[in-house]
Amino acid sequence: MSGATAPDVPELTLRAVTVRFAGLLALDAVGFTVAPGTIHAVIGPNGAGKSTCFNVLSGVYRAERGSVRLGAHDLTRLPPHRIAGLGLARTFQNIVLTRGTVADNLMLGRHVLTRSGFAATALRLPRVVREQRRHRERAREIAEFLHLGAVFDTSVALLPYGMRKRVEMARALCMEPRVLLLDEPVAGMNAEERAETAEAIASIRASLGISIVLVEHDMGLVMRIADAVTVLDFGRRIASGTPAEVRRDPAVIRAYLGAGDEGGEGGEHDPGGDDGRSESPEESR
Amino acid sequence: MEPGALLVEDLEVVYGRSVRALRGVSLDVPGNGVVAVLGANGAGKSTLLRAVSGTLSLHRGSIAGGSIRYDGARLGGRDPAAIVRAGVVQVPEGRRVFAHLTVAENLRAGTLGRRGRTARTRAEHDRVLDLFPILAERREQRAGLLSGGEQQMLAIGRALMAAPRLLLLDEPSLGLAPRMVGRIAGVIREIAARGTAVLLVEQNAAIALDLAEKAYVLDVGEVRLAGASADLARTDEVRRLYLGEAVEPEGAPAPVRTAPRRVLGRWTG
Amino acid sequence: STKGDDDRKDKQSGGVKSGPGVTDTTITLGALTDLSGPYAPLGKSIVNAQQLYVDEINAQGGICGRKLAITVRDHGYDVQKAVAAYTEIKGGVAGFPQVIGSAVVTALQDSLKQDRILTFPQAWPATLLNRPEIQIVGTTYDIDMINGMDFLAQAAQLKSGDKVGHVYFEGEYGENALAGAKFAAGKLGVQIVEQKIKATDTDLTAQIAALRGAGVKAILISAGPTQTATLVGFGAVAGLRVPVLTSAPGFHPQVMASAAAGALEQLLYVVSAAPAMGADIPAVKKLAADYKAKYPDGTLDQGVISGYNAMKIFGEDLKAACAAKDLSHAGIIAAHRQQKQMDTGLGTPEDFSDVTKPATYKSYILKPSKAAPGSLVVAKDAYEVPAAREYKLPAAG
Amino acid sequence: MSAPVSRAAESIPARHAAAVRPGPRRWFGPGAVVVVVGVLLVLPFYVTAFWLQTGLFAMAAAIGAIGLNLLSGTTGQLSLGHAFFLAFGAYGYVWLAGDSGRVGVRHLSGAGLPPLLALVLAVLLTGVVGGLFSPISGRLRGMYLGVATLALVFIGHHVMLNAASVTGGFNGRSVPSMGVGDLTLTDGRPDGLEVLGIPFGRLERLWYFVLILVLVAALTARNLLRGRPGRALGAVRDSEIAAAVMGVAPARYRSAAFVVSSMYAGLAGALIALIFNRVVPDYFGLALSIDYLAMIVIGGLGSVTGAVVGAAFVTMLPQVLSKYADALPLVVAPGSPESGVGPGEAARYLYGAAIVLVLLFAPGGLVGLLRGRPGGGLGGPGGRGEGLGRLGRTQGSIRIGSKE
Amino acid sequence: MTKLAEIVLNGFALGSVYALIALGFVVIFKASGVINFAHASLLLLGGFTVAKLHDDLGFTLALLVAVGVTAAVAGLVEMVFIRGLGRTEVHTLTILTIGVDILLTTELTRRIGSDVLSLGDPWQAGVRDWGGVHVADARIACIVVAVLLIGTFFAAFRFTAWGLSMRAAAEDREAAALMGVRLGRVQLIAWCVAGALAAVAAVFLAAFPSAGLDRSTGQIALAAFPAAILGGMDSAAGALLGSLLVGLTSALTAGYQSDLSWLGANLGDVAPYVVMLLVLIWRPTGLLGSKERVRV
């Protein structure tokens, strides 16, 4: 895999970010840095705060304390649409697509890259037409890259779950992001599809040179493609490092992976972890 | 026919006027035991479950041929509530918790279709909270604010509250952490042991094949393979497509693909 | 039908110049009325009464050798429908003895002027004066109020410095009445306490509290029948037992079925250019009898008398126009404007020659009486307050 | 065997072929538009004043409906305040083009601008007023916005009655006629104009003027919907958060939709004033707002053609029914002594029944029917009050509920 | 001082009439997500039925029959028009209710004609006089009934299986169906309840000090809109509070209009809307409405 980091991809840094919901400490002074052009995985048990972390990064939630920086820009207090303008794109854990065809959704992704305003579009000025055509071509290119070319003009409502997930990813890619946040990109896919998607992610990083932050419960995938891993539990960072390091970390095994493999009954044999789960929110209250 | 068994014969399902999502699918689920259905995206797995639970019409779909019989009676054409009353309960794809209801209310909603609603409800309730302690902590939180995995637990818990005789699970492991996946597997095994039949649609084939006695592989609306799980797990196709070449203890190195994949060039606009 | 069928042009036939709506055999009149909207009860009475006149006159051989006919269009108090209906029928009618709805009349006034079609609106604001083609039959609201105040002054023994409440609808009806009331108040040295309401207001408790708080000795109300009933009914039991006076649109026989009936009989007066349906006047009695005979289910409200009266005047105008051998739009207006002493027997004689003035300055005072036909009897015969002639009419300025 | 992923992907369009391919059923395409416009162009030569008038109302309403559709259909913002903006456009034009002077006892003010300029300014001003409402239009959603906009109608009515020197109060004002140079859209100058032997008066001249504007309005709206702003508005409707994350500023786009829709309403209002010849406050009531909502739903939400068809349905049907109701059996003529259903009432019954039937059999609106897709509505599962992945085939929906 | 007290009290009383009407809107809104424009005609139907029957049956029985009739008609509307369209979106249904309203209203107003109907209610023209402060007996009854019904409804909505079914169905029909909720029945009941409420509200709408029921009575229904919104649609206290506030504002501005004439005469009709706008700018989901919170 060749392809260097794109020159303008900045570093993404979270510093001591704290988020609280009505007494629940969803993120507790969490910090990590995504080096330019790397794939950084964020993992952790359900409810650990991974999606919350994404929500803070993309401006959907506001951090109570701490800061988020993208290169020279401070994202902490910016509204989502401004952050999007700075080149940060994301997908959602629960698919959020808009009505219309795959193409419509992808073209929405091009919003920040296009300029046509109300007046110009209403009058259908030549430059609007040109812009539209150019960006549609690129959207198709991206769709094809994610094997969505054949459904480009199909209504997303008709697509099965796994394919809708890919539409989301394509839409985020359409923003030509410098940092791409993927929340469980392979949920609902079978092994073969997962492998495909994993490969696509790796290929995106390789060919575009952008940073990717990834939340995923498929440990196999994380191990395979991540450069660095941050592990959250109860809103706190409990480990970080390379995939291999993290995987051996006893705290991670206890809190997240369980004793056995994922098909086994590890959870059943480890009540200790459960107690920990139920106590912690009490502490934070 | 065995009591509590589900028998699907030559099922044809169409969406709208022209989209044929299932073609001549036949499958049976014994009165107790776990049956798994595997398949790629768009193979028709969710469609199959919708057909059984009677919710096709809510998707503009309809049964165009074949039959679905449960416990000796035909299910086709009955409304979803009646099917729930007959003991068939589905956990829908994508969680679908009632976002604006609290966690407690969501669980209570699970009992809405039950006939006798009092005594056993309590027990079920305790059991669900026991399984998913996080739900007890979040009793009064709006379900829509839960994390993805928590919502998945709620969706499963809600279905268990209905005390089903046949449980249809559409990807129960979706979005769950590995440890939680293990626990769900335990739950499924346990309810099966208590005499509930389970029809399991699952992408995590390792678990599915481990839990189920019998499995079907759907492909573009047709049954491609069927048989005992253990046998299926040994077939090349299942190994490659659903188990990722080898039975994958998480983290095994990816198989190197030979086919070169498309690359995406940089945007130079 | 295709374009150009409308005979908009004046023609000559049988020595009589004719215009739109007039053929050799028929004179067609138009009615833009409300039979399905809020003013449907009024519309129905007027349509019936006017049809009654047409039937009578046709039985006598018609006018100018021609039968009368009315083209009725129901606009349901929808301005847009009314304008469309007007456009539809204006080329085929000789005049409009009925147009209901102030909003409709105001929306049409420019077109009426342009098309010069004689029109009798069933609304009486003085702002419609000064237009040759529009004729308010009877008094205007302001003149009614001036006359009515004079009556109240005696009934409530008003002294200089007393307060009189005036509850009125926003819009022409209320505001024109208010102008008259203010003028009269100035003459009497009393003070008007204003309470403006909307047609949809049915709860007047706050207004009553305010009027009682102000210590009014009498009340004028220029609103609808239900508002009058509420005001009188609740006022009577809430410490506001004072005489109340309203104009014709403020009363309808049906309110005598409400819980306020008793109070209405005791406290309410109605000022009107038309006598009561229950008046002891031969023409009125005959009308009441004929109407009941033809429409046994009909209500004998004031719409019957004013509708019939308007139609009768229109009939007289047509007769005069026939005599002048000109049944064109302009001819009918000219004939109408020459009537200086029109007495239909259904009220006071009227003078239509001065477009700047109401046709009459005389009003009756009527009183509710459950037993009488139309639930109204005459309390005071038609009279005129001399001071009213000094009053500066709004449109005349 | 090819990879399952791509195979599944290829199988889906194949399955949906009928839904995607423009089949013979979708005849309501550009061809139909050309035919309709052609008919409209020659109509003034054949029909009577009544039909011209009715058609003019329908065309003006179409412009207003197109605007409301952008707001309610595409952006999902329920508005019951459309009548206010129609009124603002109407009065704005009348004031800008009108002269100052006394009428009766009243003094009326006016800017005395050339009519065409006044029309343009009225439209722009209505947009500005729509913009002033942005603290509310940007923040509120669903039913709450609906009722907040309802307030505009009542406040507007209050102002129309009380600002008498501008509006003429209850009596309203006459409308200065439109005209460019020597050609006025009245029966006058140039006098006695005839084209092909047909007198070319006010209605005929207005007809072509309004027709041109309808085409312009429809075209611009279509461009908007298919372009970048349209997609952004749709995204705001379907998921505010997703839209924001895609770089769309929701509040700004919601306000912008409000402004644009106000401008369409302003134009429609000014044209309605021209057609009426007089503006009166009572016309611009809540019922009018509801009529416009009915137009866009009956026509088919989210589509420009739908708005036009709906406008024609809602404005013309009652008129046509009233005109022909007396020909119906069982209907009793007004003034006849029998009691029974009068023509006006019969027309109301039929109109009510028509609304119900249309929506029962074409829930997606009349355009759905024209395109051979009576289903319309949400193609996706579930239905109401849902946001995630439950998506539809039609373009639009109004968010009435407060649920995301 | 008695003036103020009387205006305030009567304002509250008027508000309670609005509250009863608003409740009818809220029930259907919660069940079907529809703004039921046909509610106005249901009010008219309820009132009309009582008016026609009370002479023969007595008031109580007539009211019971009217409640039954309006509930049945509302239920019929649901079964014939709304249910079949369960899959379509709410705005279609909303406009459909306009069609239904036109049909019902035309028929009823045709029957009512010019009549002002008395409902034969037991309170008649009775008035309480508390040291010069007058309130109609019927209005006091209305306050009591409104508080009771609103309380009952919201309790049922919160705690009963029916209420839960309704909320679940309103949120996600498919998921609710999968829980065994009988979508048709739940919605049917809601419409019937709203219909029954309309009959009760009509009684107070037409009772003293109103003159009676006439063809335009139903139109008041729309005045209850801001009442429902102002308080926030999802709380009992909010519904009451909003309605009382609307009643109070219109009464105060009407009663003191001579002191407010610089704002243009007759502010009474506009004032509730102005208040509502201000409240909504401050709290976009009403006074007590729960804050809209979503996550992704």
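A, B, C, D and E label the chains in the order they appear, each numbered from 1.
Everything below uses one rule, namely that contacts are C-beta pairs under 8 Å (C-beta built on N, C-alpha and C of every residue); 3 or more make two chains touch, one makes a residue touch a chain.
Model, not experiment: these values are computed from the prediction.
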**Report entry** Required steps from chain B to chain C (each step between touching chains, minimum)
**Finding:** 2
Report task. Could you tell me which chains make contact with chain C and chain D both? Result -> E
**Report entry** Reference chain A; chain at largest CA-centroid distance
**Finding:** C
Query - Euclidean distance of C-alpha centroids - chain A vs chain B, Å - result: 26
Query - Centre-to-centre distance between chain C and chain A (centres being mean Cα positions), rounded to whole Å - result: 75
Report summary line: Whole-angstrom distance, CA centroid of chain B to CA centroid of chain D, is 47
Report summary line: Per the C-alpha centroid definition, the whole-Å distance linking chain A and chain D comes out as 42
Report task. Please set out, as single numbers or ranges, the residues of chain E touching at least two other chains. Result -> 87, 106, 110, 171-175, 265-266, 269, 294-296
Report task. Could you list the positions in chain D whose residues touch two or more of the other chains? Result -> 3-5, 8-9, 12, 16, 19, 161, 239, 241-242, 345, 348, 378-383, 388-389, 392, 403-404
Report summary line: Flagged in chain B as touching 2+ other chains are 19, 40-43, 55, 58-60, 94, 99-100, 145, 241
Query raised in the report: In their complex, what parts of chain C are in touch with chain E?
Result: 36, 38, 40-42, 44-45, 170, 193-198, 200-207, 209-210, 212-213, 225-227, 229-230, 233-234, 237-239, 252, 254-255, 257-260, 299, 301
**Report entry** In the complex with chain C, residue positions of chain E that touch it
**Finding:** 2-3, 6-7, 10-11, 13-14, 17, 106, 109-110, 113-118, 124-125, 127, 129, 132, 134, 136, 208-212, 214-217, 219-220, 223, 250-252, 254-258, 261, 265-266, 268-269
Report summary line: Per the touch rule above, chain D residues touching chain C in the complex are 45-50, 53-54, 57, 102, 104-105, 161, 170-172, 174, 187, 198-199, 203, 276-278, 280-283, 287, 315, 318-319, 322-323, 333-337, 339, 342-345, 347-348
Report task. Mind listing the chain D positions that touch chain E in their complex? Result -> 72, 78, 135-136, 139-141, 143-144, 146-148, 150-151, 154-155, 158-159, 161-162, 239-242, 286, 290, 293-294, 297-298, 301, 341, 345, 348-349, 351-356, 359-360, 363-365, 376-378, 381-386, 392, 397-398, 400-404
Query raised in the report: Quick one: in the complex, what on chain E touches chain D?
Result: 29, 33-35, 37, 81, 84-96, 98-103, 106-107, 110, 170-175, 222, 225-226, 228-229, 233, 264-267, 269-270, 273-274, 276-277, 280-281, 284-286, 289, 292, 294, 296
